[in-house]
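Here chain A shows up in two complexes: once beside chain B, once beside chain C.
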Partner chain A sequence: MLVVEDLVVAYGAVVALHGVSLEAKQGEIVTLIGANGAGKSTTLRAVSGMVAPRRGSVRLDGREVGGVPAHRLVRRGLAHVPEGRRIFTGLSVRENLELGAYTVRGRAEVAARLERVLALFPRLAERIAQSGGTLSGGEQQMLAIGRAMMARPRLLLLDEPSLGLAPLLVREIFREIARINREEGTTILLVEQNAHLALSTAHRGYVLETGRVALADAAPALLESPRVRAAYLGAT
Partner chain B sequence: MSPRLRLLLQALPALALGYVVVRMLVGDVGGGTTLLDYLSIGVTQGAIYAFVALGYTMVYGIIRLINFAHGEFFMAGAFAGYFVLRDAGIERWALPQPWPVLLAYLAALLAAALVAGTLALVAEAACYRPIRKAGRVAALLTAVGLSLLLQNLARQWPAIGPTQRPWPAPRMWAAADEVPSPADAHYYELKTFTSPTGERVEREKPVVFKGATMTPAVRQRLAAEGGRNVFRKGELSRTVVDRSIVLMLAAAAVGLWFLVQRTRTGKAMRAVSEDMAAARLMGVNVDRVIAATFFLGAFLAGLGGVAYCAKYGQVDPLTGFMPGLKAFIAAVLGGIGSIPGAVVGGLFLGVSENLFAAEVSTEWKDVLAFVLLVVVLLLKPTGLMGRPYREKV
Partner chain C sequence: MWTLAAEFQFSWLWVAEVLVGVALYAMLAASLNLVTGFGGMFSLGHHGFFAVGAYAAGWMASLAASVEPGSAAGWAVFAASAVFAVAASAAAGLLVGLPCLRLRGDYLAIATLAFGEIVRIVIQNTPALGGSLELNVPRLVMRPRGLAEVESFRELFLVVGVAALAVVLVVIRNIVRSAHGRAVVSVREDEIASELLGVPTTRYKVRAFVLGAAFAGLAGWYYAHYTGSIAPANFDMLVGIKILLIVVLGGLGSLTGTVLAAAVLVGLERLLQSGVFGEDLKRWMQVEYALILILVMLLRPHGLLGRFELGDLFRRRARGGRAA
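Up next, the complex of A and B:
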């Protein structure tokens, strides 16, 4: 579904990715783990069109999308939940969700999707008329994911969904992520600091180090890998 | 501040405004020197400021740019309206009924709004979009430069030129039996002259009929001409203009509210205004939404341009300068970025200026506006309706 080859991204003179290659197959959860500044978020941003790659290719369903602006990729079945959630705090929960379906024409279709997303996240239904800024951190993360799901993406990019959340909520969010993958069949590319949680949820994983793929394997194998355990799982 | 006191502070001006508007709609106010007259003048002027302030505030809300060329969109709209009215020959119309004037004005308003809007689209695509990532100071300087450029282009443009032109006002042709009443000196006669170069020119000549001049012979001549030669000038009266401006603002405010709050485009505008990158991730074409915002703001400025010139009776390339600055002040007063704030700020500025002019000094009323700007920026930079400033995380 998604094939990234030799991706190079630079912000001005600072090169963030030095030729990253990775792949996500239909129905998979693939996670990118790594330290701060390893290039995880940049990879997502390049895939979703937020930054244009300097070199390399990003193919979605076999078609080159490197450099295609972000707003056009939404129509091709890609949704990106950015780092820090970035919900619209001044807009109501309903308006946030409706914006998620911005590319969808037809009120009935939007209403049907809204119902489905609210079934996925019942807490959002209780807050439907509140403004996004009044939600708790966990609810905001649910809103961000729900908003992305309104586009019915086939590929969902999630950037640090656990950021700033209490452990209990983090587990709830990850249960939902697994459920979305299972029930909606959505392919998920997940960036996460919490390597243990990410690898327990994902099918496969990539370890990024300073803009390069250092390791790639099935998630259970990475969980057992001494290198990963030492560097990212806090094991001795 | 207790909620009750706050409610009172909000309700009182609203009630006062409602009262003034109702009096304007039912009767002839604005010509005298009572408080109500000054208030109504202030409301009309404030409504014009509000039209222009809306564009400032919308553009600021979406890309944090004070578009100082906005006053020139206003001027371009005013000239478009001027050409429509002039070429329709509104000054020479014989008008048994007001409908043709209404139609001509509707056409002028539409032309003004579309020309101003199109100019804004071109300006956005050619000047602002390329430097959008270059920072706010660069954009601000571009705006000032564009403003000067458009003013001077208008002065050099053969069809416009630097001179001030009188705004085409319709003449209401008088029927023979009603003309002329001796008490009324505001009658004109159309005379044809031959100029030194041999051209035949039509000129207006004031005819003052007073008692003796109104001889049976004159009356007979008028009757023979069917009243076609004598008219009352500028009979699109003050009350009609003022009422139209206030009603037009009300309609524009309601329409804009609906657009921003209830439509898909409006939702996209609010999303872009809050977080451009996140809006892009929703599939919003940010460039197009910004262009639409410029167009809409300038559309309203064009309407304001025609309203302003119809009210003050003239148009020139610098027409947009002062109203543009005042509207900027109004937008800041109301809270820049806030759409209701632009309306409130405009009305507030218009009324304060005119009360100040009436009670203190006419010469100093522009000073008052700028002093208000400084005071608001010092004491409450978010304005009357602005949200408290929040640092983005």
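Up next, the complex of A and C:
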């Protein structure tokens, strides 16, 4: 579904990715873990079209999409939940979700998507008329994911969904992520600081270090890897 | 305390003059509100588009100086100059918008401010437009009728102004309420999030910017024909700031507020200028004006009406809650 090859991304003179290659197959949850500044978010940004790659290729369903603006990729089945959630705080939960269906044609289809997303996140249904800014952090994250799901993406990019959330809520969010993957068949590319939780949820994982892929393996294998345990899981 | 100066009279002529000013500034502020209030682009150069429209209309009219005022030909040139003014300022909007809309916030404000100054300086150095002196705009739409001329001319322009303002308001309202209206608002709320939801943000921004420029051009057309002579000094930075002030005062994203704020601000200015409250208050006018603005911003930080529209009173649709 998604194939990234030798991706180089630079912000001005600062090179953030030095040739990253990775892949996500239909129906998989793939996670990118790594320290701050390793290039996890940059990889997502290059995949979703927020930044143009300097070199290398990003292929979605076999078609090159490197450098295609982000708004066009939504129609090709890609959704990106950015770091910091970025919900519309001045708009209601319903308005937020309806904007997520910007690319969806037809009122009936939008209504059907809304119903589906509210079934995934019942807490959003309770808060449907509230403004986005009045939600708790966890609810805002649910809204951000739900909003992205309104377009029925085939590939969902999630950037740090656990950021700033209480541990209990983080587990709830990750259960929802696994459920979306299972029930909707959505392929998920997950960037996460919480390596243990990310590897427990994902099928496969990549470890990024200073803009390069340091390790790639099945998630359970990475969980057992001494190198990952020492560097990212806090084990000695 | 002051006493009302006895010699000042609220003649109909004076009231009509004030109302013409209200219509003009409401038009300018509504067009900027589309850009800033709904589109989230901070522009300090709106007076530049106002100037482009005014000079486009004025230049066209000056070519028709020999046309009999009030004749069919006069009216035709009057109408054609409106089209020309709108087209010229829309083209200027596109020219400025395409490169500048990549800039954000403060940088866009600086770039648009520079544009406004460039327009003024170009006009100052263009002899065909009168240079730094006045460009006379011949009257096209009034037959001289002796002493009643001034009054009937002003009344005519009051009607023209109200009609032009109505067009501007209806078009902007329809855009904001349209199926894509919410997308425009989403761009203001969070451009990156909108882009990631599939909203072509640049296209929306350019469209709103160009349309805002076009309407400022229409205001320029109105102004040029009304005053009968325009000079670069009529389009300096203070005008741009005054337009922005009206938008902020009325509430970013409220057209009703824009019209109300234009009425309050222009009315207040003219009242203080008129000397009706005596010479002392007239002398301190600029200070009072500033003080009132500071007070309003302290008491109503979201503008007089926030995002409220007159229509909200009559509409009781079940709607998602919105922060006040």
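Here, the second predicted complex is superposed on the first by the 236 of 236 C-alpha atoms of A that agree within 3 Å, B and C clash if a C-alpha of one lies under 4 Å from a C-alpha of the other, contacts with A are read in each partner's own complex, and residues count from 1 in each chain.
The rule is simple: a contact is a pair of C-beta atoms (placed from the backbone, for glycine too) under 8 Å apart; a residue touches a chain by one contact, two chains touch by 3 or more.
No experiment lies behind these values; they were computed from the predicted model shown.
Student: Quick check on the chain A-based superposition: chain B and chain C, clash or fit?
Tutor: clash
Student: So, does A:Gly100 touch the first partner chain B, the second partner chain C, both, or neither?
Tutor: In the superposition, A:Gly100 touches chain B and chain C alike.
Student: Let me test your reading of the model: by the given contact rule, A:Val65 touches which partner, first (chain B), second (chain C), both or neither?
Tutor: neither
Student: Identify the partner contact of A:Thr89: answer first if only chain B is touched, second if only chain C is, both if each is, neither if none is.
Tutor: Touch partners of A:Thr89: chain B and chain C.
Student: Looking at chain A, does chain B or chain C touch a larger number of its residues?
Tutor: Residues of chain A touched, chain B against chain C: more for C.
Student: Is A:Met50 in contact with chain B, with chain C, with both, or with neither (first, second, both, neither)?
Tutor: After superposition on chain A, A:Met50 lies in contact with both partners, chain B and chain C.
Student: Touch test for A:Ala231: chain B only (first), chain C only (second), both, or neither?
Tutor: A:Ala231: touches no partner chain.
Student: Once the structures are superposed on A, label A:His80 by its partner contacts, choosing first (chain B), second (chain C), both or neither.
Tutor: both
Student: Looking at the overlay, which bit of chain B runs into chain C, 6-14, 42-50 or 96-104?
Tutor: 42-50
Student: Of the residues on chain A, which ones does chain B touch that chain C also touches?
Tutor: After superposing on chain A, chain A residues 48, 50, 69-72, 74-75, 79-80, 82, 86-91, 95, 98-100, 102-103, 147, 151 contact both chain B and chain C.
Student: State the interface residues of chain A toward chain C in the complex, per the touch definition above.
Tutor: 48, 50, 69-72, 74-75, 79-82, 86-95, 98-100, 102-103, 128-131, 133-134, 147-148, 151
Student: Of all residues in chain A, which touch chain B in the complex?
Tutor: Those residues of chain A that touch chain B are 48, 50, 69-72, 74-75, 79-80, 82, 84, 86-91, 95, 98-100, 102-103, 147, 151.
Student: Chain A touches which residues of chain B in the complex?
Tutor: For chain B paired with chain A, touching residues are 264, 267-268, 270-271, 274-275, 277-286, 393.
Student: Hey, which residues of chain C end up touching chain A in the complex?
Tutor: Within the complex, chain C contacts chain A at residues 182-183, 185-186, 189-190, 192-201, 319-323.
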